[in-house]
Structure formats: C-alpha cells, structure tokens
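One chain, chain A, appears in both complexes that follow, with chain B as partner in the first and chain C in the second.
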Partner chain A sequence: MVQAFVLVVNRDPAMMQIIWLSLQVSGLAILLAALGGIPLGTWLGMRPAHRVRWPALIIYTFMGLPPVLVGLLVYLLISSQGPFGVLDLLFTPAAMVIAQTMLALPIVAGLTMTAVRGKDREIRDTAVSLGANGRQVALTVIREARVAIVGAVVAGLGRALAEVGAVMMVGGNIEGQTRVMTTAIVLETRRGNFEMAIGLGMVLLALAFLINALLYRLQGVTQD
Partner chain B sequence: MKTGWGKTGYLVLAVLLVLALAAGCGGTGKEHRAGEIRLATTTSTYDSGLLDAIIPVFEERHGYRVSVISVGTGAALEIGKRGDCDVLLVHSREQELELVRQGYFVDRHDVMYNDFVLVGPPADPAGIAGGRDVVAAFRQIAEAGAVFISRGDDSGTHRAELAIWRQTGIEPHGAWYRSVGQGMGDTLRIAGEMQGYTLADRGTWVAMKDRLDLKIVLEGDPVLFNQYGVMAVNPEKHPRINHQGAAALIDFMISGEGQELIARFERGGERLFVPNAHPVRQGKW
Partner chain C sequence: MLEGVTKTYGTREVLRVDRLSLTGGQVHGVMGPSGAGKSTLLRLLNMLETPTAGRILYRGRDVNRHRPRLELQRRMATVFQKPVLFDGTVYDNVAYGLRVRGVRGPEIRKKVTDTLRAVGLEQLEKERVRTLSGGEAQRVALARALVLEPDVLLLDEPTSNLDPQNVALFEELIRSASSRRGTTVILVTHNVFQARRLADTVVFVHEGRVVEDGPAAGVFRSPRDERTKAFIHGEMIY
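Moving on, here comes the complex of A and B:
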C-alpha cells in the first residue's frame, strides 16, 4: 500500500496535473452547486411541505442520478450536433464541470431543504415577530441551519470527486487535458497496472480526507 | 456580519475562488482546436501502449497535438458519426466500410492487424487445447456448458465473437454464457475469476496474462484475424472538424515510417500488431 502511494507521488509532473485538474473541476462544480443548491433548498425548505411536494420529490430522485446518465445527457447537449454544439465544450474541463455540477446540485439542494425544514418553523416565527423581511428571514434560517448545510456541501463534493462515469463520457479522459484521478484509475485498472490504480486511489482518499478535515473545522467553528 | 463563519470559512472560499479562476484560465480549448487532432480509438490500441509509440513521433514531425479518446469501437464510431472527433482508428471492417458508403467517413485505409486468441482456464473443461478451428471450439464450449465470458459491449471484439457464434449456428444464451458489458481488461479479469473462456485481443492478453489464471487454448485460426482501419470524419458533413489534421495523421499511419513504428512496437517481448496498409492508391475506399 505504502509502495503504491510512493509510486504515484514519485511518478512525474503528469500526476500532479491530474490531481490539480481533479481539484479544479470538482471544486468549481461544488462551488456552482452550492451557489445554486443552497438558495434553492432554502426556498423549498421554507415553503409548506405539501406545496412543494413535486419539486422535492424530483430533487430527491435526482440525488440518485447515475453519473454515466448525466454524462450521456450532457454529451448529447454539447456534441457538435447537439443544441450547444457551437460552444465547442465537448472533451474540455468545462464540460466536466457542467456534468459534475448537475450531479452535486440536487444533493446540496435536497439536503439543504431537509436541514432548513427542520429549523424553519420557530426561527421564522421569531424573526417575523422581530420585524424581519423575507430575505432577512431566509438568511437567518440559513445561518441557523449552517452546520447541516456544510454537511450538504461535503456530500455534494464527495459525489463530484468520486464519480467517474460522467467525466469519462464528456471529458474523454484525454491525457494532459481532461484526465482526472477517477478516470486515471479506470485507465490504469484497464491496463492491468493495479498498483498504480491503487496508488491513485490512495491519493484521492488522502485529498478527500484533507478537504473534509478543512470543512469539518469550518463546521466546528460555526457551531460556536 | 456576525455569521460566525470565521477565518476557516474565508479560507475555504478563497481556495474555491482560486480554483475557479485557474480553471477559467485553463480555457475551454476553442483556441487550441486549430492545432489539435481528436482521435477516437478503441481501448486495445491505447491501453496496449501502441499509440504512445506512434503519436509523439507524429506530433513532433507535424506540429499537431493529438488528443486520444479511447472507448469501445461502437462508441468511437458513434462519436465519429456525430462529428465529435476528426479521425478514427477502429477494428470493425465491415461496419467501417458500410459507414463510408453512407457518407459518414472518408479516406479509409487498412492500417494493421492483430489477432484474437481464445483463452480459458488451465483446466480446460471443454477440452479445446490443441485444436485449430475456433468455430468448433465455440461449439464445444456451448455443448459442455462451460462458462464463457462475453464482452457484451458492442466493441469490435464483441462483434467478432458474435460472428463466430453465428458460424456455429448456436444462439449463445444460458447460465454458462455471461455477458459482462465491460472493456477487454475487465472482461479478462472476470474470466480469470470465474474460470471461464473468453475471446481476447492479443495486445490486452499479453499485457495482462501474468496476472491472470488463464491460458491460450486456441490461436492462429484465420477467422481470428482482426483488421484495424483508420478513417477521417467526412468534412462535408461536419465542416468544423480538423480535416487537414486528420488527413495528416492518416497519411502518417500508412506511411513507411508509421508502418515501421507499428512493426517495431513490442510488449513483453511480443510483437502485437502487424502493419498491412496498402499503398495509398489501392487501399483507398
């Protein structure tokens, strides 16, 4: 195991590039997913549950979207014959960000909605009684539910970092351009380089650990 | 604002913003497309390392950058039909010729061949070893009800396997016939684990054989001949592709130098591909 790790770290600058691209793509995807998912989840969470049953059900369903299906959908949209073909996005990191955002956004929105719903009632009553307007109430609710919302972002980031089906499909796993850690693991496995694949997997886990440690601290800070 | 997000919160936000900016500076590639050639190919040419032996030489000679997208033959052909790549290197000759006739691709040439081998468990429960006739061997496997692992992914190898089953007159199905829908490496691994027979391209087999509890039970039957072809996406159908680059890559692969590089490529002391491009005039379709 340790040998596998050393193998990866010692290999070459190409490995650093793969790791860096993974971080960029998934980091940007989770940023976009949070920017869209937190407001959406908050808005839905603050409505009466019976009024938003359908959107809620759809979001919960999309939380389980198979990555390869999202990959195929995005592929068809940005393929040169697709509606967005002129943008030349296929087989670029931008396409990978789009696909991972679509995977992470329902998770962030769904878990935020649940978190807000748990907090909403009494906080809203208090805030309203203090004369807060709609936007202020929403911000108060988000603040109160922030621990769970950070959890939602962590779950979404985990999804983005770990998935392989979507980035393989829309990125193409092109060396030096769209190869990320998960697609590199698939390639090395396919080539029979199991040690290298395991080594890459360990690097991926180590990174996930570091990122989560950071977010966990953030969660801890917010609890004070 | 007293949100309590604290220093760590701003740190996280700053890191995310840096990532976003860096990704933005990376660009989406539009500006690189002029010098870029997209080659859709099968996993067998890429995973074996063959392209690593050819492409850098071509890139240096012609100043293009080649982006390799390695998928199954079925997916590669579909990507090409949609105009999402410039040039293809695949192995499903009949289908390639049909798609050229339909106007999707132009400038198709035979490039090289390798061969398929029938591999199976060392115990050889269907008693195939020593034979030379792959159709008879498939019939024996079916009759013995021995486990057979099929790629099942519409790849060139899968199509070759199905063509052999058609020749046996047997419709392969039942508990013994397991279609796994995966690439060659994965299929070989599964065959090893399940101690089943499978049809493999020699390149992937040579690359993986040391880790597998399998052996070749039959090889050398001309039916197992596996022709690779190279062809360009039709620029009249898809004007935005890099046809000049595609043509340059095709010319290189069928040139004396390209053919020599293919002939010299070895893995594990075995030569994996035999170049057989016709002279340009004769091979053109």
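Moving on, here comes the complex of A and C:
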C-alpha cells in the first residue's frame, strides 16, 4: 500500500505513460460519443415516442450491452479478415477508441433522449412561436437540457474509463502501446505486482471522484 | 379567415369552425368556457398544429402551404397560457426572437431596453428568470412577443397573473400596438370587462364550436345565442 502510494507520488514513468494513454483514449472516445450521441439523442427525444420506438429500444439494449460483446464486434470488423481489415487497426489505440466510443455513445444518446423528452414540447413550441428555425429550436432544447446532457456525457466517460474487456480484446494490452489503467490492473494483479495495481486503482478512484465532483458543481451552479 | 377547419385529437373532435373571419388590424376577443377549444384555436392560427381538415387563410393564402413556412411564422408572436421562459436572464428571453432573426447587436439592445421599459421591467433586466414572480414572468413573456413587432399577436389569457395596475398597462400596450402599428390581436380572455374594453369583435367558442361572433358592442348588448348570454351574465356575476 505504501509502495503503491510511492509509485503514484514519484510519478513512475511507466505508470504515467499508462495513465496518459488511458486519458487520451477515453477522452477522444467520449468526445466522439458526445458529438454523435448528443445530436442523435436530441433528434430522437424531439420525435414522438411511438415513432422512434425501435431506435430507442436498440439504444437501450446497447446501453446495457456487455463490453466484451462490443469488443468481439469491433474485433471482427477490424481484424485482418474483417471489412475494415486493410486499415490495420487491430491492437492499436485507435481500435480502443472505436470500442470505447461504441460503448459510450449509446449511454450519451440514451440519457440525452430521456433528458430532452418531456420538456421538449413546451420549449419547442415557445421557440417556434418566437421564430426559431429547426436548427435554432434544437439548440434551444439542448441548452435547456444541458445539465442532464452533461450528466449523460459524464456517465459515458465513466463507462469508457472503467471498461476492461473490450479494450483488452481489440487493444491487446501491449506494454507501452495499448496498455491502459484497467488492463494494467488486471495484468499486474495476476502477476502479483500489487503496488502497481493498487497505485493505478487509486488514480482511477481519484479520477472518478474528480469527474463526479465536477458534475456536482456544474449541476449546483445551474440549479441554485 | 378559417374555412371548414376541424381539429381532432385521437378520435375526439375538439374544434369545428365552419367559417370565421378575423379582420386584419383589429383586436379580436375569444371567449368561452374552460375546455371549449380556445387554446386549440390559437395553436392552429400560429401553425403549431395543422388542421385535421379545412384551411386557414392569411391574406388569401393557405398558411399550411405557405413556403417558406418560417417567413410566415416570423410575422406572428404568441404568449401562451402557461408561458415558458428559457433559462437565463430576463434580457436573454426578450432578445431571443430578435437573435434567431439575426438582428444586429446594437439594434437588439435598443429594442429590448425599450420594450422592457414599456412593460415596467427595466430594473429586472439582468435578473435570472427563475427568481421572478408569476406576474413578472408573464410580463417577460409579453415583452418577448411585443419586441418582435409582429403583424399578428396571439395572446392566451395573458393577464391571468397580473395585478390591476399591470392589467391596465397591458391593455394600453395592446391598444397602442393595434392602433399605431396595425397589429392584428387575437386575445383569449375570460374577463368580459377586458373584452369589452379591448375587443373590436368577439368570438364565442363553446364545446369546440363558434356559437357567436361579431362586433363586440353588438354581441355584448344583445347576444343572440343562449350560451353566450349565460356566459356573459355568469362572468359578470362572479
């Protein structure tokens, strides 16, 4: 435990590299998931529920999908025999970004949809009656639902950061290249290298705390 | 002008108007008991709902075939029965319609300031709308519509939360919009006295039907329809 702490405090280079890669991969994944998920969720949320029953059902299913299934799917798509095999993405950080994006996007889209639905009608009527065009109406609805949408993005980031199985499958946990915090913890624990595992665990915990503290503040600021 | 307009929700027909003409530049009072279809009529007129059957003509053209739709939408402004203000300041709310129209900054500032002064909210300009009282919120909603200087102003019980002094102020604003700018005003109100003070014509709606319409003075003096008569007397007693 003390040694784990020493590793963190001394900023062990191998550990720093792993943390930095984790942040890059998950950061990029959540960015892509937000760029796709927020418009998608808003669009779905603004349509009558019965007209988007199927897309909504699919998103809800993907929200709870076991990550290894997503890993398998991405693996099949980008492995050398797969349709995107020529891109040579397997066991690269890009592959991990793809897998994490696929895990986070349904969360962002699904929670955005729920946030938008319900209050969208009166907001939309008001915006339309004041002369807003389609795009302006959508932006207004997103703005009004922003607290919940930020929550959706944070939840998506949480899933991306915490994810092990899919990243392991498509990234390969290659030292110095595709080893991220979660896969490193699995490996180091198996090796009996508990200082490193605990150290990374503490960093993950701290990150989770930080993200939630940020969210809490954001919601506090807009709801006071 | 409405022709053979009906509106059905599910299987329930909530409005059937065979023919109704609302002259431009006048104030039209819409009255009738709760659930009669007054708000539905406004939602049809401001194009938030499309008629199940029939046509709504504005200057001789079917509004629901008018292209671009937005251009027509931007000639109207509505104050809803339950106004929804956007999260932000009073200023932001009143500026909203001008901003979406791409009006330039200095012009927005001037118009918003003038309108807020007109409704007596100039001190609350920077206030967040969450902190407003019911009456203040209603005045913001009114200012937000008035600042657009619309050709048609649709108002759904806009004075229900106002104190007498602000009701008088509001009525003066409506009167001047109508007489000075030629704005067509369609005002849903429960208040017979208000309709008498403001309206050039009145339309009585009862269970989804227009049971009587015509010049205000005539209708109030000698209502032809029994239900109109009962409504006027009932309202005057309570």
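Here is the rule we go by: the second predicted complex is superposed on the first by the 201 of 224 C-alpha atoms of A that agree within 3 Å, B and C clash if a C-alpha of one lies under 4 Å from a C-alpha of the other, contacts with A are read in each partner's own complex, and residues count from 1 in each chain.
One rule holds in what follows: a contact is a pair of C-beta atoms (placed from the backbone, for glycine too) under 8 Å apart; a residue touches a chain by one contact, two chains touch by 3 or more.
Computed from a predicted structure; not experimentally measured.
Novice: With everything superposed onto chain A, say whether chain B and chain C fit together or clash.
Specialist: Partners fit side by side after overlay.
Novice: Once chain A of both complexes is superposed, is A:79 in touch with chain B (first), chain C (second), both, or neither?
Specialist: In the superposed model, A:79 contacts chain B only, not chain C.
Novice: Looking at the overlay, what does A:174 touch: chain B (first), chain C (second), both, or neither?
Specialist: After superposition on chain A, A:174 lies in contact with chain B alone.
Novice: Just checking: does A:192 make contact with chain B only, chain C only, both, or neither of them? Give me first, second, both or neither.
Specialist: Only chain B is touched by A:192; chain C is not.
Novice: Determine, under the contact definition given at the top, whether A:131 touches first (chain B), second (chain C), both, or neither.
Specialist: Touch status of A:131: second partner only.
Novice: A:143 in the overlay: touching chain B, chain C, both, or neither? Say first, second, both or neither.
Specialist: After superposition on chain A, A:143 lies in contact with both partners, chain B and chain C.
Novice: Minimum C-alpha distance between chain B and chain C after superposition, to be given in whole Å.
Specialist: 8
Novice: Where on chain A do the contacts with chain B and the contacts with chain C coincide?
Specialist: Residues common to the chain A contacts of chain C and of chain B are 143, 222, listed in rising order.
Novice: For chain A, which residues are in contact with chain C within the complex?
Specialist: 122-123, 125-133, 136, 140, 143-144, 222
Novice: Where on chain B is chain A touching in the complex?
Specialist: Residues 3-9, 11-12, 15-16, 19-20, 22-23, 26, 28-30, 33, 38, 43, 47, 67-70, 82-84, 183-186, 207-208, 211, 238, 240-241.
Novice: Looking at the complex, which residues from chain A come into contact with chain B?
Specialist: Contact set of chain A toward chain B: 23-25, 27-28, 30-31, 79-81, 87-94, 97, 143, 146, 172-175, 177, 187, 189-192, 194, 214-215, 217-218, 221-222, 224.
Novice: If we count contacts the way the header does, which residues on chain C are in touch with chain A in the complex?
Specialist: Spelled out, the residues of chain C in touch with chain A are 46, 48, 70, 73-74, 76-78, 80, 82-84, 86-87, 96-97, 100-101, 144-145, 148.
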